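What follows is chain A paired twice: with chain B in the first complex and chain C in the second.
And now, the complex of A and B:
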């Protein structure tokens, strides 16, 4: 157990250092003064510039500069944005929370739909239900996310008017920033019309999360189906039938658990693909998330924002992946444990 | 009355080249208190018979039989639910690979308790049930020779040795106090000491409880010491069936003879360093079955007539299907 934790921790820390090194080198690779790219402070006086150069050890070697940069990162000083002039740490944590929120709901949504359908499809292997669901999943998988989002807007918000067109919540409500997750923030806040704000936020969530969930849903369906088919044809399931247990007992007591445990990591890893898709969909729905923020930053050549935003996203994905992998390895009851963290 | 009576059981498997008869007119009768051996090479369809009896069959199989009854009740026409009920209370199976026949992530104790029928427990209020179940389970484990029942009941299949796993399977098979236990090669891949322990255990249960055992194996040595009846199977056809002693003394079918001769321990007259006899060739695959008597191409006594499936002939309890049986040459 300790061994697993140590292995994963070392992998995580090393990779994070590599990532931070890449983000540091971006300051040199982008056009312009590296110091300006790092700090985001433009047009400073000579004295100020000298002070900053001192802080970032710009006259020392590359390694020392990198070390100073990492120290700044840890102390929460990620530089300022070119376009807004605000501290990036705060800006990114806000937009990242919005993205994570969106993808988390989409993930829950695709689990709620994909898992039961996958079970159904696996149990009706090579029958009409199975083929129907497979066809649907191929169609769902092949639809480009941005196109689906646009069509959804066209139908559900413009023609039918069921859901709002864009944004995260109506401008009428001013939700104070607490956790960054808007639904939780609303519940924590003391707004006079909490319920309406909550409903409004939910209505804003529906279209973006559904259009991201479509693809993930089909992936979840396929993975689950495959695993169910494999488990239900395995010897111990046949043996359980031969002991005279009913199909329901067999499925619930032996089938579900055995089918889910090996695919759980695969399923949870879909979160990263979700996040990528969310970044595309955010721009369409003007969701104030990291994807939207990054694309704006790219248009405006806001180099510090690109650097910090990319670092934040990749660090999040990496931490998430490695943590999940570790948790699953620790808790797998059948003891299927690869010897090292890379699997 | 016989417990299990199977007559002309035919099982066809759907394959690319049409329906293949994996079992061709199998006959099998098991009486109460009998240890019946089912013998054959690997690939002769032994395990398929077991699956057909307990109903663990795939939907790509087609089963037909003139008769397949359990104590007079027809197993083929009854509903799935009724059949399951019979299997749950009267028939148990011990599978070949104990490790892969046990759920890898459920503790063994829970799997054992799962098969204990509520009717086999002492009467009690529902809060006593769990305790009674546990007591019953640990008694079962003691009976099959597992001493540290506390430890093993908490373990998962991959954490315990193979023979303990098999003992667990036997305990599970005995849990419902069945009338018939089907032991599908229960000692496969085991060490000789574990093997003899398990065989002793099975024959003890047979004597004490009057339990019938259908012993499926190709381990002739083990079988001959235990079983009183034997059915020999080749390639999905019943070749010969009868009392163990009779078969050993005077096998009528060439295949039975070859099978018995291939085991050196049965031949006291075998001089040292003499070559062991065996039939030429190997058992055909299910895609390339010969017509007629399936032993045909390998049979030393085969003649033209062997392209027709031989009728089942009977001398008292001894049945065989061969056109040209040994010892009975018509002069």
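And now, the complex of A and C:
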């Protein structure tokens, strides 16, 4: 087990270094003064500039500069945003939290819908229900996320007026920042009308999380279906029937557990797909997340924000993927690893 | 056997979906509406550059600050355009027109916020501080936040005032260098706001003077709460405001640069009112029964300015030829959708200085091409048209207009390239004079015609960044100055008609259109009134 942990940890550290090196070299690759791109401080006086250059070891070799950069990253100094002039570490952790929150709810949503439908489809293997669900899932899988989001806005916001189309909560509620997760922050806050604020935040969540969940939902459905088909045709299920158990007992006692265990890691891995889709959907729903932030940064040529934002997102995805992989290997020594990690 | 299986597994998703749908339908807007906190959300078009309109003439900055955070000594009556008392309850003008004495109101309280608690009420010191900041180049606050006061410099207010004296705590005396009839009107504009001297002292002691423009303190109906770039500006009601006002507790500017998104938010009720509906959206707004659209003729002009500091645009013949190459009437339909009238001069018809019989350039591509060739502008000459990236009433879609003009210019053998940047960069580069020509415009800040002639084309307005043509004529400046020495409208109109003639001969800019102003809002909003003299006002606006 120690070996597995060590192997994954070294992989993680190495990749993170490559990533940070790439993000550092961006400061040189972007147009303009590398020091300005690193710090985000423009129009500083000569003394200030000299001081900054010293802090970032701009007169030393490239490697020393990189090392200084990493030190600054670890001490939480990620530079300032060009457009807002605020520290990026805070800006990014806020928006990253918003993205993670959205993806998490979307993941829960796709499990709530995808898993039961997958069971149903697997149990009715090659029957009408199965084919209908498969067709639906192919359609759902092929719909571009941003298109689904726009259609959802058109129908449910503008035509029917059921759900709001932008942001996390009505701006009339001033929810203080604690964890960055809006629902938790509302519960922690001392707003006088907490339950309404909570309801409002939920209504804001529906459309974005559903539009992201559509794709993941179909993936979950298909993975679950295949696993159920495999398990239900295995010998121990036949044996269970032979022992005289009812179909419901067979399914609940033997089917569900055995079908879920091998695919659980695969399902959790959908989180990274979700995060990618979330970043697209955020811009449509003006969700104040990292995807929206990055698009704005690109649009405004905010080089420090692009650099730090990319590093933060890729580091998060990487850490998540490697950790899950490690956990799987620790708990599944037989090495029944999923053949297809991202589907 | 399989039937029961199906029931078992079908049950879960159906219940989930039903529960989710029912829960969410239960909280549709009709049910939650009255439970929302009391406040107004205004979907605005961009980030303010600061919260001090002294520093910026951009409509975005003015809208967010002038009438929300601050008050002025004088105000305009929105209906009649008359100058009415503001923080000054009355004023006396000396017989020679050089000295103005203002009696200030008592017991006017400044905002108390998380960063400032006032210990005294508004008095003469605040007036002197606010004016000296832009007037006196040695004032400790003059250079704070850049030291540029574009509006005040463009109308020459700083040089006009020779002295400001405190007579007693509630009386201020302002002496002018020469009598000027637009002086009082300038004090009532969005830019002549009153800051808190006590707050400035406190900031100076803490060595953070620049906070005066980012964390503002004023006497206005709303006090600043917070600002997040690209997201929102949040205001709370100022509970001790001196005038009558609505009971609205919060005012929020929801920063939404895309106009279609602003309209969508207005439709769903996420905004109560929106900034700058585009002209193609007007019909949609009129058709929705829950939305209202108000309209008023605007005091504005959209124009195409040539950079007269650059060859060949320094040649009036070339400029006239270029103006002849464009069909203005086609632009009216394509860009303004009929919600503007073609401009014959920089003065809109609603102003008393308007000359109905002004002859303007007519569309004549052949003549234009001939005139260009005669003046050495050959076939294939290449120039830039800078198109502003934001919508304004006077030009709702500069980019599309530039594209149309590109086609007209191709007909006369000119290759036009369209240039655009993000709004603040755009203006910064315009100030450096990097453009060949630019599509931009002007909205008046007061009803006085001087407010068109002076900021747009006088020499001193080049440095303050409102003279986009960078045109400087001593003769023109003299006409504009002379007009101000008379108080009689007919006398002044004589000089202005001369000035208009001169502009049409020299053609430093081609006037395109005077647009109507629109305000779109939801029906349940009351008290909203279009301000023809500048920024939006929320003092009397309320929502049941």
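Throughout what follows, the second predicted complex is superposed on the first by the 331 of 343 C-alpha atoms of A that agree within 3 Å, B and C clash if a C-alpha of one lies under 4 Å from a C-alpha of the other, contacts with A are read in each partner's own complex, and residues count from 1 in each chain.
Keep in mind that, in the parts below, a residue touches a chain if its C-beta (ideal position, glycine included) is under 8 Å from a C-beta of that chain, and two chains touch if they have at least 3 such contacts.
All figures in this text were calculated on a predicted structure; none of them were measured in a lab.
On the shared subunit chain A, the superposed partners chain B and chain C are arranged side by side without overlap.
In the superposition on chain A, A:162 makes contact with chain C only, while chain B stays out of contact range.
Taking chain A as the reference chain, the count of touched residues is higher for C when chain B and chain C are set side by side. With both structures placed on the common chain, the touch criterion links A:234 to chain B but leaves chain C unconnected. By the document's definition of touching, of the two partners only chain B reaches A:261; chain C does not.
Applying the stated contact rule after C-alpha superposition, one finds that A:242 touches chain B and leaves chain C untouched. Put simply, the nearest alpha carbons of chain B and chain C end up 8 Å apart when the two models share chain A.
With the contact threshold set out at the top, residues 246 of chain A are in contact with chain B in one structure and with chain C in the other. On the side of chain A, the complex with chain C involves touching residues 81, 83-84, 86, 112-113, 116-117, 119-120, 123-124, 129, 153, 157-158, 161-167, 170-174, 193, 196, 199-200, 202-203, 206, 246-248, 251-252, 286, 288, 296, 299-300. The part of chain A that touches chain B in the complex is made up of residues 234-236, 238-246, 253-254, 257-258, 261, 333-335.
Residue ranges of chain B in contact with chain A, taken from their complex: 51, 54-56, 84-89, 91-93, 95, 97, 100-106, 114-115, 156, 158-159, 172, 176.
Partner chain A is touched in their complex by these residues of chain C: 1-2, 4-6, 8-10, 12-13, 16-17, 24-25, 27-29, 32, 35-37, 39, 41, 225, 228-232, 234, 250, 252, 254, 256, 261, 264-265, 267-270, 422.
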